[in-house]
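Here chain A shows up in two complexes: once beside chain B, once beside chain C.
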Partner chain A sequence: MSFDRKVVYNVANLARIRVAEENIDNLATELSAIIKWVEQLNEVDTYTVQAMNNVTNSTLPQRNDSVLDGGYPKDVLANAPESVDDYFTVPKVVE
Partner chain B sequence: MTDLIDLTIHEASASLTQGEFSAEELVLAHIKSIETQRDLNMFITETPEVAIQGARESDLRRSKGMALGCMDGIPVAVKDLFCTKGILTTAGSRILSNFVPTYESTITEKMNNAGAVLLGKSNLDEFAMGSSTTTSFYGSTINPWRSKKRVDLVPGGSSGGSAAAVAAQAAMGALGTDTGGSIRQPASFCGVVGLKPTYGRCSRWGIVAFASSLDQAGPITRSVHDAAIFLSAIAGYDAKDSTSVPVDPLDFEQSLYSGIKGMKFGIPKEYIVENMPAEITKLWEKGITWLEDRGAECMEVSLPHTKYALPAYYIIAPAEASSNLARYDGVRYGIREKGDTLDEMYQLTRAKGFGDEVQRRILVGTYVLSAGYYDAYYVKAQKVRTLIAEDFVKAFKKVEAILTPTTPSAAFCAKEKCNDPISMYLNDVFTVPASLAGLPGISVPGALDYNGLPLGLQLIGKPFEEETLLKAAQALEEGANFGRSTPKGLEV
Partner chain C sequence: MAYTIQGKTQEWEVVVGLEVHAQVTSKAKLFSGASAAYGGAPNSQVSLVDAAMPGVLPVINSYCIEQAVRTGLGLRAKINEDSVFERKNYFYPDLPQGYQISQYQKPIVGEGVVMLDMEDGTRREIGIERLHMEQDAGKSMHDQAPSSSYIDLNRSGICLMEIVSKPDMRSSGEAGAFLRKLRSIMRYLGTCDGNMEEGSMRADVNVSVRPLGSSRYLTRTETKNVNSVRFVMQAIEFESNRQTVAYENGDSVIQETRLFDSQCSETRAMRAKEFAHDYRYFPDPDLLPLKLSSSFIQKIQDGLPELPDEKRDRFMEDYELKAYDAGILVADQEVANYFEDIAIDHDPKLSANWIITNLFSVLKKLGCNIVESPISASDLGELIGLVEDNTISGRTAKEVFDTMIDTGKSASDIVDEKGLKQISDISQIDTIIKQVLTDNPKQLAQVKAGNAKVIGWFVGQVMKATKGKANPEIVNKLLREKIK
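Moving on to the complex of A and B:
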């Protein structure tokens, strides 16, 4: 599978990155090369192999479902580009 | 008196204990060194006031007989990927160019608690994605080592600012992070020691995430002994990182000098790659001799899936990155671009905030995780990862550590590889397999090449056996006798 203009446009949309029209062809070439290169994995027979998603083979630890920390709205909002009172703000979502 | 910036952490700590100089004098010497080398662009943010204040507190503690240990009063650099409370933390990205954390990462808190003094936040590839420290929004870092042709070279990456600062004697040690080689490769390019601990050994809490199943923090230092001191200060279980492993903290200095007599080392035949410079092969052979001269036994081992490590890595790492970096949306932190709709705001913010390589990896990651391709790419890569990890398990039944070169070349010129992503990715060919298997690895400077540039050797160890790894690295360092070769030595 290679990247054509349409695939680049769709993936960029999924990733919420606006791609400039003049960069799409270049990106299609670069990303196709990368995908073609990683496809050499198809040479490996993995039919009976388990996928690894945790290198330490441990199960995630459990803890009591209780509040351990928190209550600092000012800290949480300190880096917000825009906020009102104790809330983050975004452009209007619901019409 | 020796110049204070020439010392190792181990030596400086002994002198501080003896009262030969104060922590404030030590810190001032390093601040001066940073100021005279700003052309190398090693730091994104310098924090001299924080450092001087920290040094004075350290001196006060010491005067009361309450010194904290070997790191007390030691000036260090911290990769700008660790959140530091009240100090700008950018990850080398425009999208975080205004981010001042309101909390401290576990690792930097441990360093503060050990009395280490922060000189500044060092430069890196944007979001730690790179092998050259050329993708930072804050410009490229230049390697303090220059070739005989005197051209500017990259320091490696992504912890390039950290490695350059240690090599240039602008910091006694530095914190880096390693996802696919980002501590070991720049350490090799800059002629210093770089240690990636076992995945789970050090807490990831408060580190800007790149690929969470691979990221691990570790020290860059001027000696193996310093790496042991530094690791002792930062290792340990942290309940705030669910992948941190509850093993007892160790004093990694303890068995550093106990020797390697009778120890077995593996030489993986698959690490002989095409077009590898003869000097690197020669150094590798010398490394074998240095270990054998000290009573160790070296034998060939096979890691048959080595050639698939890089392509597997370049599926897994971008996939995890695309997921981790979804949080930069202009809502809770970082820059925001105005948009008429929420989606448009996201798209414009991320287009402006992320550089080319980060965008490329997010797009690759999004693609391999998308419906219809998930099994073909992502799950396939995870299965290959299992095979790579099993290769190491088999090899470690025969040997206690594995010796390889750290990189397939010495430091290169910035213009050489930056236009071709895949050629840049190939830099990590020897470091990525251990990362995928979660194993500890250390790069030790071995020799200078014909151009006068440092080349490193890598030792890979069993999980949570950093003590053995450091003991072997100490032996390798003695054999190499790289000594105090510093970039300054070339500028006669």
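Moving on to the complex of A and C:
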């Protein structure tokens, strides 16, 4: 698989990353090279190998249903560029 | 009697599938220890996990897992011992992570079924495609300020079950019945309170139409986030009519996401670019796959309560109720309990009748539910008992019932105070009859001459003499014996 200009645009847009026009071609070449490098893995036949999601045999840790957190709206909002009455405020997003 | 839309050239069938988002009734959120309660002060129920601060890790709430499995079992569905949490990526201000943790390829619950008892006595089986667990997003408010939207993350991270039906419904009525049944099942299970006003249950409504008799599915539209049973039904009616008209005018229906406008009961298309999503699902690297043991599932299965379908069958069997009446009584567990509290000592059909015809209309008028009923089960039972042992007639009982609601007094107190007790004492009635016959020799002669109609007149006179309290059956019997 290779990255053409259109795919680079699309990926950048989905990731909300602004990419300057003059960098598009360069990025397409670089990303294609990365994908090609990863594609070497396809050379290994893994047909009979079970998919593995961790190497330590751990299981999903769980918590009890108890309220132990929250109650600090000021901390939650501390880094917000803007807030009013403990709400985050953002430029209007509405239909 | 299938529901169809009569078009200009042909009949059209409506095809509906629902995606229901049901909030799990847990104390804490799905992946954090912040409270999941409704209505807290803004951003007061937000942990740093819910606000998606860097470096935090989600840890799953074991109770939520259990509730999802319980719901799955209540839907008679296959529980998947292996399921996987994935990231659904999109940007929106009320989604601080930039992705929603959801389940995609491997949901916790697979195919199941919901049975619907329709009013005409037919039974419909609606398939469940899957149930998966996911995080709710925060809440955006757009009407607080002219140029900004306000975001409250209290809802962010609360556990939702998304329950996806198969496209098995064929009318708005069936969709309404499906939602009510689903809500009833979840309330029995205690897994979701089904409170649509507070948003703990919302539905995405998929609608398409097709020529009657066709088995092909045509293009469907999805109306998002509809928050009442009535609105879901209105959205289906509007959408199916809109699509029918489009096809008949030679237009096409495009696959799109629409919004329901409850002010004018119609759906509108959202702007195209708003939903041109590419979610790029992938397994969440912060969460290992969820593995359930068969003994864990079995333990939940063993702890399931009697569910609406089983209870309805038992009511039909034990109390000999009709399917529709039994269905009404079991829809709400509290109503079912109320009924059984009475029916254990009294005639079940009479008890069901009193609840369905008399009590329900009072509750509706007062705007309260059965738990808040002004008349308790034992009060109503006492009244029904007075009818059963002939202390009062059925007609008098309605009068007593109304007085019970107005005054809060017990049935027997009202009967005593107002002197409503039915006279069933034969010698007492006999004396009155003798008196009436003596007082009306002309009419008596008519009866003796063979005019049977006049017997009815005599019954009326005796009832009048007793102010309506004489047992009419006994009056009739004694009169006929006397006149013969």
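What we mean here is this: the second predicted complex is superposed on the first by the 94 of 95 C-alpha atoms of A that agree within 3 Å, B and C clash if a C-alpha of one lies under 4 Å from a C-alpha of the other, contacts with A are read in each partner's own complex, and residues count from 1 in each chain.
Convention: a residue touches a chain if its C-beta (ideal position, glycine included) is under 8 Å from a C-beta of that chain, and two chains touch if they have at least 3 such contacts.
Predicted model, so just to flag it, every value in this text is computed and none were measured.
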Using the superposition on chain A described above, determine whether A:46 touches chain B (first), chain C (second), both, or neither. first
Which of chain B and chain C A:70 touches, first, second, both or neither: second
Answer with first, second, both or neither: which of chain B and chain C does A:27 touch in the superposed model? first
For A:38, is the partner it touches chain B (first), chain C (second), both, or none of the two (neither)? first
First (chain B), second (chain C), both or neither touched by A:93: both
Tell me the contact category for A:14 with respect to chain B and chain C: first, second, both or neither. both
Identify the partner contact of A:61: answer first if only chain B is touched, second if only chain C is, both if each is, neither if none is. both
Using the superposition on chain A described above, determine whether A:82 touches chain B (first), chain C (second), both, or neither. both
Note: overlapping chain A surface for chain B and chain C spans 14, 16, 53-54, 58, 60-61, 63, 75-76, 82, 88, 90-91, 93
Which stretch or stretches of chain C touch chain A in the complex? 26-28, 32-35, 41-49, 51, 59-65, 89, 91-93, 140-142, 144-153, 259, 270-271, 274, 278, 280, 283, 287-291
Given the complex, residues on chain B that touch chain A span 98-103, 199-200, 213, 239, 242-243, 245, 305, 308, 311-312, 314-315, 322, 326, 329-336, 339-348, 350-351, 354, 359-360, 362-364, 366-368, 370, 373, 377, 379-387, 389, 421-422, 436-438, 463
Which of the residues in chain A come into contact with chain B in the complex? 1, 3, 7-8, 11-20, 27, 30-31, 33-35, 37-44, 46, 49-56, 58, 60-61, 63, 72, 75-76, 78-82, 88, 90-91, 93
Under the touch definition given earlier, write down the residues of chain A that touch chain C in their complex. 10, 14, 16, 53-54, 58-71, 73, 75-77, 82, 84-95
